[in-house]
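You will see two complexes here that share chain A, one where it goes with chain B and one where it goes with chain C.
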Partner chain A sequence: MNRYLPLSILALAILAFATLMLVIAPGIQIDARNVPEGLRNYTQAEQNGRDVYVAMGCVYCHSQQPRSPDQAPDGERGWGRPSVASDYAFDAPHQLGTMRTGPDLLNVGARLPSEGWHLTHLYQPRAIFDWSIMPAYPFLFERKDRAAPSDTVVTLPPAYAPESGVIVARRDALDLVAYLRALDRTYPSPTDALRDDGYASGPAAEDPNASEGDS
Partner chain B sequence: MPVTLGLLLALSFVVSLLALAFLIWAIANRQITIDQHDAETVFEAGEVRGDAGEEAHPHRFDPVQAGIDQISARPVLVLIAAATFWLVAGSVFGLIASLKLHWPDWLDFAAPLTFGRMRTLHLNLVIYGWLSQAGVASVMWIIPRIFHTPSRRPQLIIWGALLWNIGVTLGAVAIARGWTDGEEWLEIPWQVDIFLAAGGACFIAPLIQTTRARQVHHIYVSGWYFLAAILWFPVLFVVANLPLYGGAQEATINWWFAHNVLGLWLTPLGVGAAYYFIPKIIGKPIYSYAVSLLGFWGLALFYSQVGIHHLIGGPVPTWLVTLSVVHSVMMFIPVIAVAINQHVTVAMNLWALRESIPLRFISFGAVMYTLASFQGSIEALRSVNTITHFTQYTVGHAHLGAYAFVSLVMFGAIYQILPRATGRVFPWPGLLKLHFWLVVIGFAIYFLALSIGGVLQGLAMLDATRPFRDSVEVVLPYLQARSVGGTLMTLGHLVFALNLLGLAFMTRDESASTVAAE
Partner chain C sequence: MFGRKSKSDHPRPDENFEPYEEFSGIPMPVYWIAIALAAWGAFMLYDTGKDVTLAQDERVEERAVQISADQGEGGNLFVANCSTCHQPDGEGLRGAVPPLAGSEVLAAGPEIVARILLRGIDGPIRVGGDDFDGHMPSFASALNDDEISRIASYVTLTFGETDAKLDPKRVADLRHEVGDAGSFAGGAELATIVTSMPPQPPHPAPTAADAMTATVQDLVFAGRDDVWACASCHGDLGQGGENTPRLAGQPAKYLTKQLNDFRDGTRDNESMQIVAAGLSDAETAALGAYFATLRATSNASPNLSADLARGERLALQGDWSLGVPACFTCHGSSGFGVAPDFPALAAQHAPYTASQLAAWAGGGRQNSPLGLMSQISQALSSQDRRAVADYLASLPPVPAGRTASAQEGTSNAE
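Entry: the complex of A and B
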């Protein structure tokens, strides 16, 4: 190998081929899927909350991609049916995640619908689970001597309550909870579902969609 | 689905035919034949061979190389200084992030200090601030040497470094303030990425110019890796940062990019540097030069398609995941090829490890490349991945590649380059050894803790009879151990920075007198 041009052309050609296989081909396949009937776009508040989720880096501990029962007991943990590509039609940036220091959150809105629970948990996770290692987000809240009528007051056990006054949620906390409550993909898996079925086994494996049906 | 599959199969068939045609052409035109003689390209005619053990003694004067090195020295020193700064900053953020995982209520009063941002700062600073710049510095040093011609447009490289560091600084500020593109490895906002792209262009243009002016017939193996990497990375970086994507498709782009940053950017930089410095320090050409071709093209073909193993079991097509798993396993081929060349060369010259501290770093890093790749191939198997995916095991593996391999090679490269670029010696040779042992022991603790903890965490999560809290509690002591290892590594980096400062602030008189004494 003594010539620069062939080296660089071949190197770029190989990358172009990889791009075709890893980006363009799956992109075309995913784009061809319809938005599932049960999925709606985020409201303004939910989208703001999603931006807070992204900005805080929640994705570094929470995935949003329940696995199939063929692979892992995600469904039994209440994390929902295996997710499919079109479940993320309105998600930009995607937050699929690669880590489960905390549980999967794709269906946390269905599993934990209470706004008050989430506010307490975000203010101080250890007020609910003493074993939790999730960060607290006190800067999304403020302490007030007295709550105004429009304020959302956070319920706290005495150990974590302020010495005087109340803790109320700021806009970002309320929006973040709105987003978490909107995380709900419990509608049935679409018929043109697209996901990694590499763990499917037995007769169901013959039909790529068969493993999607259960949730 | 069958139509897509059929198309893809037909396509890969056509591509294979094209590749075969290219191969035949290349063999017919003697593009591929290389022989052991070509491995000697790293040496100058009449050079006194063997470059070991000079960190504490003045460097032998070598007129040809001095003429070349003199031109490269300034940009290389600028890049190394900036890289070292980001290494220290990035390690501190990494350590804070690690501590926060078992002290969750520590430093929780402000958003920039939250785990999600500390971790992100750590990753971006060590990848773009430290590893990329240290890698580019060694490329800038090695390319003129193996092409036997001085670097072209060194001033432009310094401008590039300026732009690049503005980009990294702005990126860090943006991430701390919560302005992020929101995907792993791509957090720096695309608007800020323009600085990095412009800085990168200022690195690449002089390198291509230097390449075209080369005074040697043969492009040495390090050159293949470097010349390919400086084309691959810009393509990856620009395509992945275009603000056009969303949903599951964006996830495939995310991991196509993120794994290729390791595979087609950091790995070629590290492997290329090792391929140059190992024979150079030992003074003998590498063991089996012809095999290095297999290592290089194998890396290009297989590594470029492994990224989707980060989405195993996820909402992306099955064929795509399987493709990446297969390519991950195929990585055994290029990795073994590189291992034969590098490790056998060192193993036949073990004396050099005693003589040369830089070689210790580089050779240790090269061995870690082999191990990291073997581990990665196995980790991509579906049965193994089910346990390790979503756990700290992955973090351990990432550090085996990016830290134990690439960073250690870079430490060695910098220790090897600096005395030759400055004409000075390190004032405290013992601290070089201290640095080595701190990072090696620290990393061993780090890696073992996360690997064991990660497997336990994964097994707990797979067992439906155990509550989720089990997976949190079981990994906790291992996270604490990781902080211990991380502390040692960070201390090692402070010693590294101290060594560089010692060399920088040693007075001119001392260095002049030592050189004159020879």
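Entry: the complex of A and C
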């Protein structure tokens, strides 16, 4: 193997082909999509919260991609309809995730819109779910003897409340919760939406009763 | 071991020897496999491309069907939307649903019918000499202009014997005019625009403000030191979202029972158990009464991609091959709930309904009277549970709570 030129040309050509098919073509396909009606850009606070989400590595345990009913009962879990490409129009980089150690979060703002609930849960998940394996994030909060008028006090059950004083949320915690509450993709998906039709297309989709008989 | 063996077997090659491979052509089968793979790839690309466009077309069609639900003439629309309460012959149900046949309202023409369809009725109404608790839903979100015009024309022609047709464009104007005026406050308000109506009973509707004591207001909107505010999850009108249930207009006693069950641990839900733990009996009763008076437009949609026709069959007729009775036999026609035990199902969020059915089936929820729901849910397949949840989410919300609690009040008084 000493013909370096053809070898490197071939290697580069393979790379170029892969880039074309895996990066450029899908990019063109996705760029043509409009921002769906019902989706708005993140506010500054939500954007900061998104940065906290990224920094804390939430993506390692939480996906942001509800699957279609053929693949998982995500709809019944309240995680929302199957997501489509344009749902992520303002997410760069997206936080799709692959692990589902915790629940999917793409529609957490629709099913759990409570700021108070999220603050309690971030401060100490075990205060709500005694079986939860999610880490606590007490460093996003601070203990104060007395809350200032502008402070957001965290609601805590007596077992987890501090012996004296109150727990108030730092800016990062409030922004993170603002971001979580902004995660709401419950508007109807655009009819021209790009999505994986997977096994849903084909004969089974034409005759819904056929799939009913299968399971 | 191998090293030593090779040493002994093969003489060491000359140090200057450069190993090389003689040129040999690529075997033909490799070409065949490569060509076959490429052809297969191209075919799959073409085939799935076709599937994607097919599925997209289907979705567009589905949406169009959902939006216009073209079910033929007014008669079919009437059967599908009105006859569960008003009965196919338009005679209504004595003591519960006013008759259409011979009603004074219909004599006023199809435009009034369209107005009622768009706004709904929420309050006592006198029709044909009998008093009824009016709790008709607003169909503004469920039917389009064309459908409302066809139903209105059909109803006035069949039961009112006035053959005036209503133009869909006029319905569009009416829809605009009505805006978000909310339901007619019983026959009293209706009589102000329908002069032919007899004297109507007064409208004593307790408003949300009446049920709103200071304690309830604090609980609903501010929470307490160790509990979150109700409205922070369930919305300021009790409308809910996804698997957070809609509470607006549920029977008061049903809501109170659920809160008490959360407190006792009879019903499982970590967040609600924390919230309910600190509530007294008086507070759970007050909260139930408060949410029963709320009126919220539907924000539920059939979002589980299930078979709506199957859901409709289950809700209206049940499936006796599975031993499942129709939902509406217990939960009231149109699924508006029957106080005190049967919650309203209409406009409930599909993920909530489906997840509760799954919980009944799996034993996660066991607080229904006589274990009714456990049996029914176990008989349903997961597709059926999704289908019925989707269908119920597509229904217009019925203002049921106040009238249901009013009925309780009168029956207690008797």
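Everything below uses one rule, namely that the second predicted complex is superposed on the first by the 199 of 215 C-alpha atoms of A that agree within 3 Å, B and C clash if a C-alpha of one lies under 4 Å from a C-alpha of the other, contacts with A are read in each partner's own complex, and residues count from 1 in each chain.
To be clear about the criterion, contacts are C-beta pairs under 8 Å (C-beta built on N, C-alpha and C of every residue); 3 or more make two chains touch, one makes a residue touch a chain.
Since the structure is predicted, the reported quantities are computational estimates derived from the model, not experimental observations.
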{"item": "Which of chain B and chain C A:D91 touches, first, second, both or neither", "value": "first"}
{"item": "Touched partner set for A:F129, first chain B, second chain C, both or neither", "value": "both"}
{"item": "Touching partner for A:R185 - first (chain B), second (chain C), both, neither", "value": "neither"}
{"item": "Touching partner for A:P6 - first (chain B), second (chain C), both, neither", "value": "first"}
{"item": "Chain B versus chain C as contact partner of A:A55, first or second or both or neither", "value": "first"}
{"item": "Which partner, chain B or chain C, touches more chain A residues", "value": "B"}
{"item": "Contacts of A:P73 with chain B and chain C, given as first, second, both or neither", "value": "both"}
{"item": "Chain B and chain C contact sites that coincide on chain A, given as residue numbers", "value": "68, 73, 76-77, 82, 129, 197, 208"}
{"item": "Residue ranges of chain A in contact with chain B within the complex", "value": "1-4, 6-8, 10-12, 14-15, 17-23, 25-31, 54-61, 63, 65, 67-68, 71-73, 76-77, 82-103, 125-126, 129, 131-139, 194-199, 208"}
{"item": "Residues on chain A engaged by chain C in the complex (per definition of touch)", "value": "68-69, 73, 75-82, 107, 110-117, 120, 127-130, 155-158, 161, 186, 188, 191-193, 197, 200-202, 205, 208, 211-212, 215"}
{"item": "Complex interface listing, chain B residues touching chain A", "value": "1, 4, 8, 11-12, 15, 22, 26, 31-32, 34, 100-102, 104-105, 108-111, 114-117, 119-120, 178-184, 208, 211-212, 217-219, 224, 227-228, 231-232, 235-236, 239, 245-254, 256, 260, 264, 293, 300-301, 304-305, 307-308, 310-318, 320-325, 382, 386, 389-392, 394-395, 461-464, 468-469, 471-473, 476, 479"}
{"item": "Residues of chain C touching chain A in the complex", "value": "48, 51-52, 54-56, 58-60, 63, 223-229, 232-233, 235, 241-244, 270-271, 274, 301, 303-307, 310, 350-352, 354-355, 358, 381-383, 385-386, 389"}
